[in-house]
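The following blocks contain the structures, represented as structure tokens.
There are two complexes below, and they share chain A, which is joined by chain B in the first and by chain C in the second.
And then the complex of A and B:
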């Protein structure tokens, strides 16, 4: 208990956090942001290469954060002596605890993606940057369709020969997924080489190394559809994130489209891009402004026109949309442009702001009081020095 | 001005020589006075390029000042010509002035020192003469070998002239084309130098040719149509031709439509002559396009025009809308014609500048021009450097003669004055750019220095032991020196427009200022710790326990100040990121750098509370903190990854390494002193036991 709440642990945590942050920063040159974030900051233990095959185990970001939380709460809040001179420290520590909670909430409960709209287009969903899902669509006529969604969390374990079978009462068939790969090409099997991957109609899934920019990864997997007592065609197929058309599966006289795509998140309103504007500093290629005029329609209310621009996102119903990019990059004057918004749902969106205010107050209080005491002591000592003369 | 100018200028020259035009033919035609006498070409002959006599008298001061305040558009903003010229010269010469050697070949100008604007005026108005000025720094011997100059015996820092370098351009070009494709951070020293030299030559050539349009006289050839339009003249000036451009283009199109080339021989000749006449103007204008100094007529259009832009606009929407631009060119021509007489030149030049300023005024632009010129003239940060050096000297003598109160007061006065100059300079920058003074690396150097000096002065006011005051003056001088050196390394206008994501005064004012104040505090604490460690090592005031006790407390106090701003500033950065990129924290290198500073400072404070280290330890850790701050401030930008890599310089890497090394040396020195102290204490205890 004394160790958990003590300064020795604080100093150790701070030192290792410093070290991990430094190593994680340097590693970005080699392995990119996403991978270094996973390796250093979201891990419990890091195997840090030192020299050749020699690796040294270091505490990872998750472990350090957890230890920090324990040390901070026990030593910095619970066991902190309740005196006026420590009021500022207590406030500061409470603010940092709030920041940690905000981080945990964000990590556990937020989702993030993008919405890409050409001028005049509208949408009420956004697309994840990293997460995949398998969808099954059935055409029910009159332009309508039914949809079943299998989130990545259900089939992420279906790698190699391990398979995951999805059954759904409303579906007339079962879908087994296997051989899931986070980044892959689908290639034609030539006569001159062998592959250990299953080959379907001459094609197979070729796993690739993860891209430095994780959002460029394209996932793939194999599927098998079975239905007891009904004709299924085809039985096997390959799903690929970059495929342009769904895999068409016929079960009896019903037709389904199966596809692997980036996860979609619905938002409780519809966004229409009315106009996208971008300006350069005159005579240069340096962007000065880019902004999007949008119309926002919620069910049962009038459309509102709003502006989304750099540093000024749209916040509404727990959804935050940021101006993040635009295109096409080779657009000429007068071409139709699209605008890309990063969309985030994060329950702890504004908590860091509150924690910052709390921490600021705490620090100013504490160090302000210290400064006053110091000035007082200095005045006294110079007064005694004068008197001594 | 950019690299492409070189390409266009050289492509142009090739095109011209292909057409058999006497582009480089130099005919002495100094307007009112003609040193080499008369027009030695037949009427109607094509004359594109006319150079005047050399300059023998100094410029009228008013002309030089007028050109300083000439508004131009560059780097996305309207700035005085002075700003553009200073940076151009700084790039070539690594100085803001040109010293003409005291040699007979320079005639009346031998031994003269030219200001940046005087040099630029020479390049514009007397290009042949200016081509002999030694202004190019080439230090790499391999680069010299490539350009064929290794035989020329010069010392390393000697400058080369355009005339010396120009014959080697064709040899340089393949290397330049290859190396500029390599990413800046991957270039070797030689490659960097070659690319830089190529860019410098292109920039210089751009400037050299800017006034060619105004110098040119376009012959009418055998065209009766042209003679009808312009009369029996000896070459038509660009402004005169431009005023008729609408009519001529219409006539040209009519000839084109009537299929002149296939039918009547006289019409075909007319068609060719007209095409040639217009084509030469266009090419000439394209070659003179390095400076955008003509405000467009249309208020909606933000991009200012160079000469080829004017030509394009006239072709697109007629002459009438562009009479003000044509008038400006005519005034420039009159100026060129007056280069033989400094009095007349001054009058014509001021007339030109006044006209352009009036055009800018009508658009509501250029209102800050005079303030910016005064900013350059005041040279706040260089003066602050001088004052801080003086202040530091006063303080240093004060340590030798502590009873002289005057030295102490002098130290105070100079430090306050120096800090005042820094604050004044930053304030003017704020006004010029309408934003807080901290958005580029250069600005952070100045700002951080200013804050460090002010904090030192406050510490001195409280503790009155001369340590903080001396250090304040020292840090002030060091910071201003680094700012100047960085400007030289960076070689660009330090007053810059910001890209979209940084254009938010709220976050610049809160996040960036507080983080940089945190940097300033941390660095000041680190420098105070230098005194502690080095003083202990050399045994300065070694009997004064209270002296070191005091420095220790000051280090700690300034560190506390720093941690407040570093912590709050870092979190504010996250809140800004949450508003612009949709996440509070993204483990971007710059974010991590700020976090590392906070963690390091918290480590020092918590370890002190835990009793793991005291004055010695805090001092050593604070010095190491300087490395952390330097890594976050400059180091991460050198990594070339992430969202914050907004400044990159190869030279920075070297100096950063030097800084890391010095800090480590200081820590090592401190460790030696600590070990020695401990041994001495142990021995004393043993003896007393």
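And then the complex of A and C:
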């Protein structure tokens, strides 16, 4: 208990935090921001390469944050003597604990992606930067499709020969996914070479190194559709994140389209881009202003005209949409432009602000009380000295 | 930790779970109904993976090509629908065909492909030792092997570049009659220099005609690729490699070991004399006198009289070519820097590049 709540552990944690931050920052040069974040800051243990095959285990960011939380709660809250003179310290520690909780909530429950709209286009969903999903669509007429969604969490482990089979009562076939890779090309199999990958309809999945910019990774996997008692065609297929059309699977007299795509998140309103405006600083290509006039429509309410610009995001129903980019970058006068919003849903969005306020109050209280105590002691010693004179 | 048994059992259980069946089953949520008017089910593998040839239904409208590459189309060249093993399929004047093939790693190896082409041309197989003698060429930023073969009967010539990477192989090939191929070599060089992976910084940023539109370049000037940035369009000389724009440069090219860029500044951009004197300092030349600056040659660019500054020294000493184009409310600058010897060689290209400037729209 003494160790868990003590300063020694605090110092040890802070040392490793410094080390992990340093190593994680350096590794971004080699493996990019996303992979580095996963390896160093979202892990429990990091196997740090030292020399050749020699690796040293280090505590990962998740372990360090958990240890810090324990250390903070035990040392700064549970074991703290609860006297009025320490009220400021207690409040400050509660504020830091709230900050840590905000981080955990963001890590576990937030989602982030982008929404790209040309002028006149509208959307009520945004696309993940990194997460994938497999969708199955069946045409129901009038532009409508029945849609089944297989989230990445279900098939991320279906690498190599490992497979995951998904089913649903209203879906007339089972779909097995295997050979999932986070970044791949789909290539034609030529007569001059062999490949260890399954070749389907003349094509195969060629795994590639992850891109340093993880957003550019294009995932791929193999699928097998089976339906007891019904004819399935084709039984096997390739799904690729950059494929331009779904894999068509016919089961009996029903046709389905199976796609691998970046995960879509719905938002509880529709955004329509009315007009996009951008201006440069005179004589340069540095953007001075870029802003989007949008119409926001929520069910049962009138369309609302809003402006999204740099440092002035749209905040509504727990969704935050930032103006992040635009294009095409080589557009000429009169060309149709699109605007890109980074969309974040984070239940703990405002918690860091509140925790900073709590920490501020705690510090003001604590140092205020110390100041008062100091002034009181000074006055007292002055009075004593006066009396003694 | 006096009794380690529970820990050992826990670890064993965890290991068993971790090493368990590699076949997992999951249940999906019930379906929802969405509107997706653009969704099309029923495409062939070739259409799905962006290679329209093999397998496309007869008469089916080929969707717009989306290959793995972007490129600048040389003057007079045309894109054709992609075919099996022709991810980028091009036709050049004189009945010359060119294409790019993207394959898996190895793809038959350098010797296998060289001898396949040699057999197509009626030539005897080459030996492994011949590979070492092949010249190299830069393709997709890597050093690639270049092959130049004439058929046994002299009726065909094949020029190809092959690149083998850890996870793919890329072949770029051009063939036709020897005369026509010879004539298209500059275009082939432009095409090779412009070829880039889609998603990487590519010439399409500057070149609205990239990835497939027909040339339209200023053939008389030897320029091949119509490029442009900001409010301007221009023709890019053969061999200039697009780099892209940056906050202070509308656009930049790499020209052999030198570079050339276009920038614009508000007003007079600091003034003619101040700029020329500053440039002299940058290349280590005595500043020009006012009378010398006034006597600098002029070029007609964008309907304006532009001042042409040639700051050249001997051999590899640094030099600069500069053009200052006053446009009323702003001033356009075109600069090329590098070894003086290079700049002497590139002067005609630089001048034709400057003369090719037009306003967009």
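The working rule: the second predicted complex is superposed on the first by the 356 of 389 C-alpha atoms of A that agree within 3 Å, B and C clash if a C-alpha of one lies under 4 Å from a C-alpha of the other, contacts with A are read in each partner's own complex, and residues count from 1 in each chain.
Operating definition for what follows: contacts are C-beta pairs under 8 Å (C-beta built on N, C-alpha and C of every residue); 3 or more make two chains touch, one makes a residue touch a chain.
Bear in mind the structure is a predicted one, so any value in this text is a computation, not a measurement.
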item: Fit or clash - chain C, chain B, common chain A; value: clash
item: Which of chain B and chain C A:24 touches, first, second, both or neither; value: first
item: Partner chain(s) touched by A:289 [first = chain B, second = chain C, both, neither]; value: first
item: Partner chain in contact with A:37 - chain B first, chain C second, else both or neither; value: first
item: Partner chain(s) touched by A:273 [first = chain B, second = chain C, both, neither]; value: neither
item: Partner chain in contact with A:248 - chain B first, chain C second, else both or neither; value: second
item: First, second, both or neither for A:163, with chain B first and chain C second; value: second
item: Partner chain in contact with A:382 - chain B first, chain C second, else both or neither; value: first
item: Partner chain in contact with A:358 - chain B first, chain C second, else both or neither; value: neither
item: Partner chain(s) touched by A:10 [first = chain B, second = chain C, both, neither]; value: first
item: Superposed model, chain B segment overlapping chain C, candidates 75-83, 93-101, 111-119 or 201-209; value: 201-209
item: Chain B/chain C common contact set on chain A; value: 282-284, 286
item: List of chain A residues in touch with chain C within their complex; value: 136-140, 143-150, 154, 157-158, 161-171, 185-193, 195, 200-204, 206-209, 216, 238, 240, 242-248, 255-257, 282-286, 329-330, 332-334
item: Chain B - residues contacting chain A, complex; value: 73-77, 292, 302-304, 462-464, 497, 499-501, 503-504, 507, 553, 557, 560-561, 563-564, 567-568, 571-572, 574-576, 578-589, 592-593, 595-596, 599-600, 602-603, 606-607, 609-612, 636, 639-642
item: Complex contact set, residues of chain A against chain B; value: 6-8, 10-11, 14-15, 17-18, 21-22, 24-26, 28-29, 33, 36-37, 41, 99, 102-103, 106, 112, 280-284, 286-290, 310-313, 320, 322, 324, 342-344, 349, 352-353, 355-356, 359-360, 363-364, 367, 370-371, 374-375, 378, 382
item: Complex contacts: residues of chain C adjacent to chain A; value: 22-37, 39-43, 45, 47-51, 54-55, 63, 66, 68, 84-85, 101-109, 112-113, 116, 166-169, 199, 204-206, 208, 228-231, 245-250, 264-267, 269, 330, 360-361
